[in-house]
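The following pair of complexes shares a single chain, chain A, combined with chain B in the former and chain C in the latter.
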Partner chain A sequence: MAISTPAASAAAVEVSGVGRVFQAKGGSVTALHNIDLRIEPGELFGLLGPNGAGKSTLIKILSTLLLPSSGSASIFGLDVVRDTARVRRIMNLVAGGDFSGYGLLTAREQLAMFAQFYGMPYAEGMRRVDAQIEAFGITDIRDRKISALSTGQRQKLNFARSFLNEPWMLFLDEPTIGLDVSAARDVRERVRAFQAEQPGRTVLLTTHYMAEADEMCDRIAIVDHGRILAQGTPTELKRMVQKETLFIVGVDELPAAVSLGTLRELPGVISVVVRDADGADGNGVGSPVTRLAIALREDAALGGVISALAAAGAHLREISKSEPTLEEVFVQLVGRGISESDSEQAL
Partner chain B sequence: MESCSPVQIDLTSRTSRAFGPLRGDAADAARSLIASARLAWAIEGNWAEPFFLLVYLIIRPLAFLGLFLAVLSIGGTLNPASIGFVVVGQAVFQIVGAAMQGPTHALLDDRERYRTIRYIFATPSSLLPVSIGRALVKALIAAISAVIVIGVGALIGMPMRAGGPDLPLLLVVMTLGLTSIVGLGIALGAVCVQLRNDAWGYPQAVAGSVFLLCGAIFPLDTLPRALQLIGAALPMTWWIEGVRRALLGTASPGLLGELSTPLLLLVLTVGTVLITLAAPRLFTIGIDRAREKGYLDRSTAS
Partner chain C sequence: MSAAGVPKDLHARIYAETEWSLSHKLRHAAQSVVGRAYPRIFGMSREPSWLFFDLVFPTLGMCSFVFLLRSRGADEAWISATILASALLTFWTSVIWMMAGQFRWERDSGNMTLYITAPVGLGSIALGMAVGGAVGMAFRAGIIILGGSLLFGAQYEIREPLLLALTMLLGIAAMYALGVCLAAVFLVSGREADHLGDLLNEPMQLLGGLFAPVRSLGIFGLLAIGILPLAPAADAMRQLAVPQLAASGLLPVPVELGILAVMFVVFSLLSHFSLAFIERRGRADGKLLTRAD
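Moving on to the complex of A and B:
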């Protein structure tokens, strides 16, 4: 069949000047302000922000649940307003914490029903249903009524549903909220495996959890009050708040042949300070370690420092790179922590 | 970063339908309708408590029937003809009420109770066949009540048509009537999905009003002129009259009874065609508006 759109070379998600205004009793509320965003095929892209930042509104627009007030958005070149039916064939979504499902149906019955809604012939639908039940490791609950399932089991079922139509674009709106550590880990692993199965499968994830975003996302946009404040890879975002690279280098002891001043004069070195000196196991037991905090203009400068220490006879015990966390990035950009932001929203 | 490298996706393979003509829409709609009908059967047929089944299917409609017959008796107009009139009206209205409420309750249930409407709406399937499937099963279950009411009516002296019911006529009027009432139900559903929690009661209020206007318990002639015109515009009026003729073999008293059966069928057919053409359009407009306003995914609790 001839391709009638330029979608094969299009971005997975292209958002251009999207705004959304809700009418409320007290006036209008602007949930999104002229958002621009491009997500490439195959990316796992994260939207990080507090409650009310506009993350879910953007996902609703992209998943055809809501119309934008202004601007345009497309999924693999298909406009989410004009090509709704086609967009729905190539995408799916999962929201966390809403305990959705028909309690009277069994897990398998509910998935089978959605397979029909996705337009699959019955036999093909049941094949995919059983494959997803197997993939999520929920064969033990396949014939159990949904009302009897735990939160984690329901959410796994929700994910299984979202994979039935093998979407190219998967929207995950706080998908691990309310899940225990084990269930959240299972879900994350399954999402990664799903992406790995087919090049080009793209995921847009909203989350509160900094560690989840840091661990999973290729790129992240930090959103607040309906605006994207910054976007980039986790490393790029961290670089925004820490211009230099900080390494912690542990040696037995600083040899007399090399001083901190000598190290500071090496190319690419910004500063060197003794951070601490203690026992090897951190409890003062064993041979002592002297840790140097070395700030560099770039990673490559570390080689010169290590060479200088080795030439002076220092025994290298440990090297670690110290980076700011996403939480620190968030605080710097938004001006408050994500949990503070949520508390403000709750008030 | 591996994931950001250019990836050429073969759009012509598994999901080629996403980019070609949307063939097979009718087949998809049929699948969705059947799947939602199965769901409705699981929900409506969840009669784990036989007592509730007894109340819902038998006691409630018979209690209403008894009430109307008592009113006739007090008014001194209780006779076989009036029993037949009220029994058929009451029986058919069981189906009218269920089919009219079905789509609204399906949409609101999925939004408020099961929290699945976002997932259904985001599938390629339209909410239309999903709502119709749910309404049809509600109507089917209500039909059991209708049969019970008619059976009891026959036992207490309702005069049946000589030679038994006119089954071809019954089949035609039931098909037309059910089609028109489901059409009205989905139009009502598209209105109610834009409302908050009190939307649950709207279909019942509308059905109750219709009950008084469509000749289910009063002949149309007994209503004021303006209400007679409204009653005459309702397909339920012609549907109930058609069922009366098929089961009782006699027409209702008054103006409606003066019409020939072919003319009655023509009016019912025209009305059904108009509703069938208009209802999906109204439904689409209503759902589009709900999508624009953000009502589809907005539960009352939120």
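Moving on to the complex of A and C:
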């Protein structure tokens, strides 16, 4: 059946009322409850949640591996149930801990095999294979058998495979699980570079690494028990648990001309307290510094505080913004930490 | 929210990329078959132990039959027939071990997830598996025939080489088409199917008439010829390559060729439907095609 060109306003990912129920021996298990989600072209969107939250189920539905029990979902306007073949031509998937492929093939042969599956002409496929090997810095293993590769090398190869068809929609399901810090950083950098090469490329990432989500994602949805509890930019989510903005301002010493009470009376200032008085490096080494913890209604109020300190003769030594972590956001929304959630899951 | 720099014609470009012409689809299908056949043809030859097992064990099996026949004073023509049967057995073993159980291995290794999410049909993957398996086994079968013939001084009298080649080709094609059906059945049935496959290995060789003519099996021989590609293929090849044994054939060669052709078509159709079924069921139940986490 012919379909029409999707509207230019179509989202990269549009999920409407998607639910998924699995049949199990003890009855049915609802993995997703009526999920609504919209991801714009070019976004790197994160699904953050503990094991069993429903993140992978949603990715499986969007990547055409699984049918939804209810609702609808589309990728760039193409329905994942009706337009399956078309969706598969513009997407790719990387799953963490994936050791797929054939151990007897070399890394280059494996990529060449997948290039055939992705439908590009042979010569173009081989050009892309060599380009990805170069981009991921794995030229030293290109002629090594897959069975002889380390976990990190195999995952880099897996990423290289997923970039071969230059997908508009890339699904990353816990992609850095089991990787060491250096390898995880490498693949995160490649993902960002991949998006920057062609505006419009969209990435949906599932992870339960808070720092990874915070660092990489434009927006995040926190998922638990098959429901989206909140979504927004990392900053917006953090604002949900901390209404005010907290700055740490370090000065040589607090001049006598300015008291904490004076600072508290400035517009936009909620509170000012001396956090600590210590050495410059925080360990008592170097010239002393006095740190003030200043809570503001909004960032703009900081200007007045700095001016007041400068007018009183204080020498500004440092300034930093203190934000709640995503972990704190998660705890507030879910009611438990992500590691606790995983432990419960394991039980 | 929209990321900066996203081109205005993005959706039109993406949609154009999803439009594949018929020639694109055909080229892609052919490339996918070659891509999947590659590991079987070239990858397997990199594992010396596999070569050893694939060649030495079938050869040992063949030798035991030859010594048994000689000890019973059988006509030397049966030695030639046994060598041919051993060559055919390598294909059958490959169908049982490398086709029937393959999809489950692909699922458990995570490959199936990548196949399903790629724009490649399972039919192309299965055909690639079959072509790769058949080509890889042809090399081994050739060595078995050559080595066995030299070792035991077997002789053949091939009057119709094209017909013999056609019989082999149709026999192998029908066997691998059955292999694709079995791959789907084994995937759905789980390990029980593996055990059943193991249990049926010897009876299949008997019913296939590899080392004794199916004619001697009476009604079971007819039944075997009707459902098991091994049986008409072995029976026809024996008649064509060892004319002294033509009288032991159950049916005339053209009839057996016809049966093989019908089997190929029927098993191919069944394969098509069974692959569509497992993809549909896998997407519905969420377990059949993806590795358990």
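Everything that follows uses one rule, which is that the second predicted complex is superposed on the first by the 342 of 347 C-alpha atoms of A that agree within 3 Å, B and C clash if a C-alpha of one lies under 4 Å from a C-alpha of the other, contacts with A are read in each partner's own complex, and residues count from 1 in each chain.
As a working rule, a contact is a pair of C-beta atoms (placed from the backbone, for glycine too) under 8 Å apart; a residue touches a chain by one contact, two chains touch by 3 or more.
All values derive from a computational prediction rather than experimental measurement.
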Have a look at chain B and chain C on chain A after the superposition and call it: clash or fit. clash
Taking the superposition as given, does A:Arg264 touch the first partner, chain B, the second, chain C, both, or neither? neither
Thinking of the overlay built on chain A, is A:Arg144 touched by chain B (first), by chain C (second), by both, or by neither? neither
Could you tell me if A:Met91 is touching chain B, chain C, both of them or neither one (first, second, both, neither)? both
Regarding the shared-chain residue A:His225, is it in contact with chain B (first), chain C (second), both, or neither? neither
Do any residues of chain A touch both chain B and chain C, and if so, which are they? 5, 7-8, 22-23, 40-43, 60, 63-67, 76, 78, 85-93, 95, 98-102, 104-105, 109, 112-114, 116-119, 122, 161, 168, 199-200, 218-219
In the complex, chain B residues that touch chain A: 1-12, 14-20, 22, 24, 27-28, 31-32, 34-36, 38-39, 42-43, 46, 114-116, 118-125, 130, 291-294, 296-297
Hey, which residues of chain A end up touching chain B in the complex? 1-5, 7-9, 22-23, 40-44, 60, 63-67, 76, 78, 85-93, 95, 98-105, 109, 112-114, 116-120, 122, 158, 161, 165-166, 168, 195, 199-200, 218-219, 233
Chain A residues touching chain C - in the complex, by the definition given at the top: 5-8, 10, 20, 22-23, 40-43, 56-57, 60, 63-67, 76-78, 83, 85-93, 95, 98-102, 104-105, 109, 112-119, 121-122, 145, 161, 168, 199-200, 218-219
Spell out the residues on chain C that touch chain A in their complex, using ranges where they run on. 1-12, 14-15, 17-18, 20, 24, 27-28, 31-32, 34-36, 38-39, 42-44, 46-47, 109-111, 113-120, 282-286, 289-290, 293
